[in-house]
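So, here come the structures, one by one.
Paired with chain B in one complex and with chain C in the other, chain A is shared by the two complexes that follow.
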Partner chain A sequence: MNKAMVTAKNVGKVYGEHWALKDVSLEIMPSEIVGFVGPNGSGKTTLIKILAGLITPTEGTINVPKEGLIPGSAGIGLAMESAPFAAHLSGYKNLELLAYIKNVISTNEIKQAIQIVGLNPGSGKKVGHYSFGMRQRLALAQAIMERPRLLLLDEPTNGLDAQAIIELRDTLKSLAKENGIAIFLASHLLTEVENVCDRVLMVKQGKIKKTFNIKSDNERVPVIVQTTDASDIEKLLIWLKAHGQTYQVIKANEVSIDINMPVPKLVNSLVQANINIEGIIKKAPTLEEEFISLLIKGE
Partner chain B sequence: MKGLIKNELVRLLISPRWLVIIPAALIPAHLFGVELARALNFSHPNIPTLNVWDGFMLTFSAGGVWTLAYLLAFAFIAGDRFVGDKDSGYLSWLVIRADADKKKIWTSKILAVLIAALIYSGLYMVIVVGYNAVFLPVSFEGSQLARDPSVMYEIFRITTSQQTINFYQNVSPFIIFVLSALFAGLGLGAITSALLYLTLLVQKSFVPMVISALLAFSSSLFVLFRGLGLHPAARLNLDYHLGFGNIEPQMIFYQTISLWILLVVLSIYLGNRKIKKLEI
Partner chain C sequence: MTRPIYLIAFTVLILFGMGLIYFTIGDGVPIDGPGKLAAPDESGYWTAWSALLTVALPVFLLIPVFIGFIAGASLAEDRHSGYWQFALIRVNSRLKWVFGKIVGIFAASFAGSSLSFLLLAVFSFLLYPSAPLDAGIVRFNQEFFSTNPYLYLGLVAVMLGLGAGTMAGVACLASIWIKNPYAVGAFPIAFLLFSIVPYSLTRLQILDLFSLLSLQRTGLSFENITFSWLTYLMVCYGGTIIFFGRESIFNNKKGASR
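Right, the complex of A and B next:
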């Protein structure tokens, strides 16, 4: 099993008397994309800054990669919401300026990073004339150009059009898969987080309320079975009890089952038990539904 | 560290804000170089025609005015090296690439500002000489004022120190030019380092400009009261140390240079202590 790329144990950060983060523990594995969602002021940016070494946690411990995939490079790449490039320089020149610091990558590698994010490395266009979306892409290029092992992204899709969002999604997935980079991203766009992440941490008031494993949680969702009439419900309940299934009666002819078997097998078993089924629904709640029920309604 | 200094220096030098050096140098060069030299020749018809080097020296004889333009323009160019980077988020990119060692970042900022101050000072002096050369006779000989102390005495009606007379009589004007640029550049770098340190304490980008203006204004007042020669802005002027104009030398060079170096070292040391605890 791969060693975790990032480990945070019981991390907390207090400002005055207000805990911006409290008791946050997480591990991010190589190639894993982890999302961090929550309402404004929930501590997303604070956690990113702690992981990036910009601020020190009040309590807890952090382990992040010290070196990137290129020897001597920084272990972390960071793209924050703002992209503070020199407006009167081209995108390439801006990245070259940053590359001076470590001096571990070639001009070709800088150009490659610009290409990956869908910009033209040969363009002399000044960043001051870039659209917001182009600046965001360039910020991502600066974050990945030195091949970090951990990529920290704060609102990476802000200002991007639909096509750019799709391209960014593919870029992030391939960076994670092909280079083993761990990606941690904070975003307000729940659909995007759901589409790109393997795991999502839902935070509220600085605490992780729930970890949502996109793939495995979707595999294990309740199945709603509708029977033809009430007599079938009775037979169904007897069958469920006999098979040790957890259930909840929703309506006179509708039961929600926390099923632990594949749906075709369930259907087959119910038919064999002579239960008349009107319909079966298996639908995972979307991240947005989870977000609303957990973080807004507080259920 | 070398990479950080290069990044800082390049970002500083490519800033369009450097254009401000043109009016900052031309205004004192015109008012206190060209115009004053013409006025002196007009009011003292018996003295020889003043040349470009007289114009150069006269430009820097008006302590308050040239230091105001000189300090203020550089504070505008370099005064927000810390606050600007912090507010924009650029500092976070630097921290990551400096392996979270904020002390390295601070030291490189101060050293880059020091180098930029020397470049700025050289450019400033070139503009002043260039402008004076357009309107006053160009000469490879030294200043008339310097070569003949009686001329200087007639103009300024003061006792000019022997040190000044010896210096100007025996040194090429080009050497004086280079020394002035280096000396004022070092002083400027030292003052700006201290101002940058202040921005660590009060994180507002206008602080260096306000303090620079106050330094320059107070400089002319201090110059009037000659006993207060320790004032840093007044001491930026090489001529001030030589007793040129109406001031006797208050301190000799090496003490002033030591003061500048001490300011730079203190700014680095205190800044390092402060920045390592600073949250970005």
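Right, the complex of A and C next:
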């Protein structure tokens, strides 16, 4: 089993008398993309800053990678929502200045990072003339250019258009999969978080209220199977009994099944049993539904 | 990071110094002999030395303060914009980052101020004859000036560099609490102006910043100017490192490990 890339135990941060974070513990594995969602002021940015080493936690312990994939490089890449760059320099020049601190990558690698995020490394355009989305992309290029082992992203999709969001999603997934980079991202866009993350931490008032496992939670949820006619329902019920599945007949041609197998396997099995299926609906609660019930309604 | 507008303003300041040297003396025509124009002490005549060390004095006062504004405020500017976070994450230590930053700020202010003075010196020497020397044009270490004039100039450049470094240090220290670069940049000016109060109360030479910067007090020497600036430098940069490097001083109730 892989060793966790990030370990945080009982981390807390107090400002004056207000605890921005309290008793937060988490582990992030290599190649894992973990989301962090919560209302404004719930401590998302504070946790990212603590993981990045920008602020010191009041209590708790943190272990983060000290070195990136390139020897001598920083272990953490950070892209903050504000994307602060020197306005009078070009995007490439900004990154070159930052790369100079560690001096472990070549100019080609800087250009490559800029290309990955969809910007033109040869452009002499000053960052001051960049759109917000372009600055966001540049911040991401800055974060990934030295191949960190942990990528911390605060609202990475803010200001991006639909196409850019899709490209960013693919980029993050491939970075995690191909390079083993652990990604921790805070975002308000729940659909995006759900699409890109393996696991989502729901936080409210500085405390993690629930961990939502996108894959495993979705595998255990009930599915509704609609058959072509009533005769197929009979065959389906026989099959379900034979395979020890729990079910509930909803309509004449509709059954809700608490399956204990992946949906594709269920479909295959039903087809092989000559049961004509009209449709299958997975009744997984969306991240948004979870978010509303847990963090807004407080259930 | 220095904005281009600051560099333009600094260039204007140096040009102002050159203008003082050029236009105050006469029509810019090099003089060949004594008595052509009014001399600083009525008995001598204008040389490159007197032009530099008397006429250009206001610029000596302005250069360190201006450099303090630019270089010192860069810490506040980085903090204000958030750019420092990108740098800090690569250094992985607040202490290392702030140390590197203030070394850069000090080096830039020292070099900027010293080189500006030397540039004005070169300008003056290109414009006017360099001899004979009149020790009366300098206020302290006159004997040393008579015997080693060029080394004297070099030491004046170093003193101005230390003065500029101090002014930048004042801005750095202010950056701990204030993130607005313009507000922080005003601190060296305020520091210079308000130094009059403690100096007039105590008469301590170390508090007489105007004299330390303009090199116009006879009681001064290279030794006590150096001592004064080094004291200020240690307080300002030391304070910046301690307060900024240890963010936990303000925010931590208990210890935490990383």
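The rule is short, and it goes like this: the second predicted complex is superposed on the first by the 238 of 299 C-alpha atoms of A that agree within 3 Å, B and C clash if a C-alpha of one lies under 4 Å from a C-alpha of the other, contacts with A are read in each partner's own complex, and residues count from 1 in each chain.
Just so it is clear, contacts are C-beta pairs under 8 Å (C-beta built on N, C-alpha and C of every residue); 3 or more make two chains touch, one makes a residue touch a chain.
Keep in mind the model is a prediction, meaning the values are calculated, not measured.
Aligning the two structures on chain A places chain B and chain C in clashing positions. Contact with both chain B and chain C is seen for A:P84 once the two complexes are overlaid on the shared chain.
In the superposition on chain A, A:A74 makes contact with both chain B and chain C.
Look at A:T56: by the touch rule set out above, it reaches both chain B and chain C. When both complexes are overlaid on chain A, the residue A:K66 reaches chain B and chain C alike.
Counted by residues of chain A touched, the larger count belongs to C, out of chain B and chain C.
With both structures placed on the common chain, the touch criterion links A:V14 to chain C but leaves chain B unconnected. Contacts of A:I144 after superposition: neither chain B nor chain C is touched.
In the superposition on chain A, A:I165 makes contact with neither chain B nor chain C.
When both complexes are aligned on chain A by C-alpha atoms, chain A residues 52-56, 66, 74, 76-78, 80, 82, 84, 86, 88-89, 97-98, 101-102, 142, 146 touch chain B in the first and chain C in the second.
Interface residues of chain B facing chain A in the complex, by the touch rule stated above, are 3-4, 6-7, 10-11, 14, 16, 85, 88-90, 92-100, 279-280.
In the complex of the two chains, the chain A residues touching chain B come out as 49, 52-56, 66, 74, 76-78, 80, 82-84, 86, 88-89, 97-98, 100-103, 142, 146. Residues 1, 3-4, 81-83, 85-94, 247-248, 251-258 of chain C are the ones touching chain A in the complex. Touching chain C in their complex are the following residues of chain A: 11, 13-15, 52-64, 66, 74-78, 80, 82, 84-86, 88-89, 97-98, 101-102, 142, 146.
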